[in-house]
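We just call them A, B, C, D, E and F in the order they show up, numbering each chain from 1.
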Amino acid sequence: METVILTDPPRPPRATVDAFSRIGAATVHEAMGRTGQISDLRPIQQGARLAGTAVTVMSWPGDNLMIHAAIEQCGPGDILVVTTREPSSHGMFGELFATGLQRRGVAGAIIDAGVRDTQELRDMGFPVWARHINVMGTVKNTPGAVNVPVIVGGQVIDAGDILVADDDGIVVVPRARADDALDASRARLAKEEATRDAFLAGELGLDRYGMRPVLAELGVTYRRHPEAGPA
Amino acid sequence: METVILTDPPRPPRATVDAFSRIGAATVHEAMGRTGQISDLRPIQQGARLAGTAVTVMSWPGDNLMIHAAIEQCGPGDILVVTTREPSSHGMFGELFATGLQRRGVAGAIIDAGVRDTQELRDMGFPVWARHINVMGTVKNTPGAVNVPVIVGGQVIDAGDILVADDDGIVVVPRARADDALDASRARLAKEEATRDAFLAGELGLDRYGMRPVLAELGVTYRRHPEAGPA
Amino acid sequence: METVILTDPPRPPRATVDAFSRIGAATVHEAMGRTGQISDLRPIQQGARLAGTAVTVMSWPGDNLMIHAAIEQCGPGDILVVTTREPSSHGMFGELFATGLQRRGVAGAIIDAGVRDTQELRDMGFPVWARHINVMGTVKNTPGAVNVPVIVGGQVIDAGDILVADDDGIVVVPRARADDALDASRARLAKEEATRDAFLAGELGLDRYGMRPVLAELGVTYRRHPEAGPA
Amino acid sequence: METVILTDPPRPPRATVDAFSRIGAATVHEAMGRTGQISDLRPIQQGARLAGTAVTVMSWPGDNLMIHAAIEQCGPGDILVVTTREPSSHGMFGELFATGLQRRGVAGAIIDAGVRDTQELRDMGFPVWARHINVMGTVKNTPGAVNVPVIVGGQVIDAGDILVADDDGIVVVPRARADDALDASRARLAKEEATRDAFLAGELGLDRYGMRPVLAELGVTYRRHPEAGPA
Amino acid sequence: METVILTDPPRPPRATVDAFSRIGAATVHEAMGRTGQISDLRPIQQGARLAGTAVTVMSWPGDNLMIHAAIEQCGPGDILVVTTREPSSHGMFGELFATGLQRRGVAGAIIDAGVRDTQELRDMGFPVWARHINVMGTVKNTPGAVNVPVIVGGQVIDAGDILVADDDGIVVVPRARADDALDASRARLAKEEATRDAFLAGELGLDRYGMRPVLAELGVTYRRHPEAGPA
Amino acid sequence: METVILTDPPRPPRATVDAFSRIGAATVHEAMGRTGQISDLRPIQQGARLAGTAVTVMSWPGDNLMIHAAIEQCGPGDILVVTTREPSSHGMFGELFATGLQRRGVAGAIIDAGVRDTQELRDMGFPVWARHINVMGTVKNTPGAVNVPVIVGGQVIDAGDILVADDDGIVVVPRARADDALDASRARLAKEEATRDAFLAGELGLDRYGMRPVLAELGVTYRRHPEAGPA
């Protein structure tokens, strides 16, 4: 693996990123054809919803050297993304890193490893998604890379991609697809709003989506429950 | 597997179901001879405690067709129970389904798969227990069944059974045993109250349950710790 | 295994224990040379931070007999630590035990098994760390031991050791190392405070820790991102 | 839970059971409409394929008292099925039990817990499927039940049901469905044989099952790979 | 996701692929700078070692439609790679697929889901690596893609990449890096051979790699064990 | 953690260690009062049974520096035991280490992390128990310790303890208890032999262990199965 720090990653327009921060991760995921889901990292807080631009870090397990190097590459609206070259449960990220990042205007962090100082991070209002919570610390001995493509939760994240995160998980929007994904997300939002209204009015999905004939064609039949009470 | 929707499932009297909603799942479980526990699904909210009547759904993994069909079978006081024919982490349930169910007076949902829109579900006050939280969506291509017996968390749940759920997990009360289980639960509550009072008054379980001779008979001995300080 | 209850375990001075309760688990862990971490048990509440003296219990899976025996050995400032001779998910601890312990001034419980009555425990303000949440109850048939050394989460805990616990997990401080660990923890706190101030002032870890030459020596290079925008 | 030993369970005709022993578990599962699969227990040996009649045991975790009671209920062609009232990794079954069972003509054992003496069991030619391999032993203190319905791997197994097991896992055939399932399994075998011959002759599933129009209808398109070499 | 079948994927020269089949996966991985490892899928057989060219399949969980479509795209020396859009334990691959593939000269299969007919696959000599073994079958209802890049075990696999697999796991060699990786693998083999000879002759790694001064510099000290016997 | 290499660890008499190598791990575990079990590491081979003296290694995750240091401390009849300061799946041990150890007369290795070159290790006849199989390699940057007490699989292993390992797992016999444990193991073997003979002769455990009155006392009743055939 090349041990390199790529500086000045491309970033989509701030307005585009901000627009995503008002849309839920599930909606963006649906709008992109059900792609981009990173569901196995969990938020350490409840109720956060944000979007940001990825600054990626590839670290050796139990070693935070490259996170230190990455801080300098982070700017306003970024989200720090850390992964390791083999699964690691070390608490690689905590309050001190968050302090430095928050000062730089960074929006949050996604740690495919462990995190610690979770009370302090919640108190600071610095949102984090992680795989583990663990007090166990790190060394600073082994090189890695910053702003190269990484794979987290089965998805490629490249520097400059947009990350949309909330309590449901994280969705990655490739930078090149950002505008299309935003348009599709807005269309999806409108569709969901219409469906919500219909459901509130008592319409059933069976009727709204024309599924009754589908059920019949698939051989699904209706029958009174054998222990049904009087009709 | 038969692809059938059983309509008009039997339901225990509403008063019986409501009575269970004021008793914790652990107490009901103890009252039924330590049976009925479904502990591996977790609530997405904190502090909910409810009871309801099961409407069951057997779906293909990653396919929510049968949930749409099941909504129509749900009524006031029901709890929707969804499982899949093989483990699935798809987000099969979310805000839109909950909107339709809430309008019908449904009490909550138990999803042996994934759920999404968790912020929205908490905001709506619609309680859900699930195995996964995941933005990943579903298709509507494969048939299944509604109101047939399903197995969730190692327990059979049949349509019309009572489900008691809180932060500790879920307990299933078979419909035929509902009255006996309610009586036993109330007796258990009274016993727990008496025990609580005794413990608050300083009595020990060792004495209350007569365990000192049991310990002796089992060969348990007492000895001062080798590093004990002065007595 | 010897089936014995060791009475009057040694306890470090209360002031020492209390001093740890104001320091986070991660800090104590770092101060002890990154040792003592027990990260795979999770708190059932959010925001608790405490320290206490261990009273240990070794139980048979699904059997709470020895917990009853241990209650009598617990006093003010203790933390009850329960493990089983093979992994167990039974709900071995709940509100009634906590009631008895709270009356005795016990600070909390660490259960390497399951816990139940989690709503009630939170309402009581009795903090618990556990591996499982489970309504499933226990029997009282098989002997075990109290205040013998146990292994929880990969760490030996002996009666009289200090446990420091918060949302990040638990750290065990061996009794014999308590004073040294407290001194080191206070030094670490001061160091963290200075680092926090430096980071708030915009200093980078790269500079503060002199890592730039380390990166160079390890062969880490800098290069503009191939898709970087104009500088 | 009722603590009872049901004697003289019904058993399907031996010829029916034997017929299943020559059919793979996957084939029987398909023939029953893709039901009955128990895939999370693994064989401790390679290459065994057998069928037998279930004698069921419900034990307390870490307690083998009821297995002793169940041995007496086992006869030629049976398969001993052991589960526990909460997950357990104890080595609840080993060479000595197998010795007694083998003398009685029992075909094998399915242990939803741990097993030990695996070298000896393989040497004896006594096939076992289990969830764990573990030297840890058991006590004999807590009652349970024999020949009541149990749930293993998400399937109900009742005394007298047929179990078909091989390296792929286990399939349960409810006793009442045994004849139908055997007929369907034989039909499925014939179909698989014809398909194997067709595939050996070069026919594609796409053509054999008429899937080309299905793909087109679902919107699947064909396109040369952008980096394809010369045609 | 685009539902497309890419035909005629590029393939590296057969001689290159074959050369990798005589080198272990661990060696290739080291030669590529410790990259490319897919270690969480396990072989269903013991002792196989092979290399082949990837034909990739992206399927819906529990749906084998696209595998049927992919068979037609496979040729001599290929390895079929199947993944699903969300984790799936279905037995998506078995003897009949292997029969068709073997006739086409395909070298093996890598299934990031379940496999069945494992006895038959071993008898056929068709090597398979998979995540699950499971009798549970599939439907053919939902579209996917063939020969698009997929992510398996944290690595991107594209059509035409080389896969090297043995009992240790799988390593993916990107097509564009094949020649360099082969050269490096051969150099690594030679180095390993020299090290083996040195170790057989009694040389220590401490000396061979000059680690004694490193240990000293890192502060590692030597001391006789406190309970050491007479020297 | 102190970074130290303890030389010349105490070793129990070779005859004692060898005597354990002819007794199964489960038997030794029972003879020691059901203690010492390490069941979550699995052998990479089938049919090995051995005993040896522990040389312990505490490594940083993904770093094999201390294994190199430990080789020099190993001698005939030893077993190398490697753990890491936080869970690690790196392939930390393989053929080259085994070559050096085998030359020194070392009996085997227990790796609480990953292992690679598993085909070669089996071909060499060097037995290994490990938690993971993984091609992923290591660095040599971070110090650790040799021959200090380590915790593996919930058991303390100190340098000089005896390890007994077979297909069922590993049991640790503390050096100070070796003679007593050997006597007890031989007595247990004799008892097992007698039980085996009794079971072969048709005696039931129910009778041999006098359990029939126990069952009655515990309230276990006998009843004909409701669907029993004619007696």
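The definition used in the following text is that a contact is a pair of C-beta atoms (placed from the backbone, for glycine too) under 8 Å apart; a residue touches a chain by one contact, two chains touch by 3 or more.
In this text the structure is predicted, and so the values were computed from the model without any measurement.
Any chain bridging chain C and chain E, meaning touching each of them, is among A, B, D, F; the list is complete.
Among the remaining chains, those touching chain A and also chain B are C, E.
In this structure, the chain pairs A-C and A-E differ in their number of contacting C-beta pairs, and the larger number is found at A-C. Averaged C-alpha coordinates give centres for chain C and chain F that are 29 Å from one another. Computed from the mean C-alpha positions, the centre of chain B lies at a distance of 40 Å from the centre of chain F. In chain E, the residues that touch at least two other chains are 34, 37, 85-86, 89, 134, 136, 142.
If each chain is drawn as a node and touching chains are joined, the picture fits none of the line, ring, star or complete shapes. Contacts between chains, counted with the stated touch criterion, involve the pairs A-B, A-C, A-E, A-F, B-C, B-D, B-E, C-D, C-F, D-E, D-F, E-F.
Touching chain A in their complex are the following residues of chain F: 60-62, 85-90, 134, 136, 139, 141-142. Residues of chain E that touch chain D in their complex: 3-11, 65-66, 68-69, 71-72, 89, 91, 94-97, 99-100, 103, 114, 116-120, 132-137, 140, 142-144, 147, 159-160.
Put simply, chain D touches chain B in their complex at residues 1-2, 33-35, 85-86, 151, 154-156.
Of all residues in chain A, only 24-26, 29-30, 34, 37, 39, 42, 46-47, 49, 166-169, 171, 192, 195-196, 199-200, 202, 204-206, 209, 211, 214-215, 218-229, 231 touch chain B in the complex they form.
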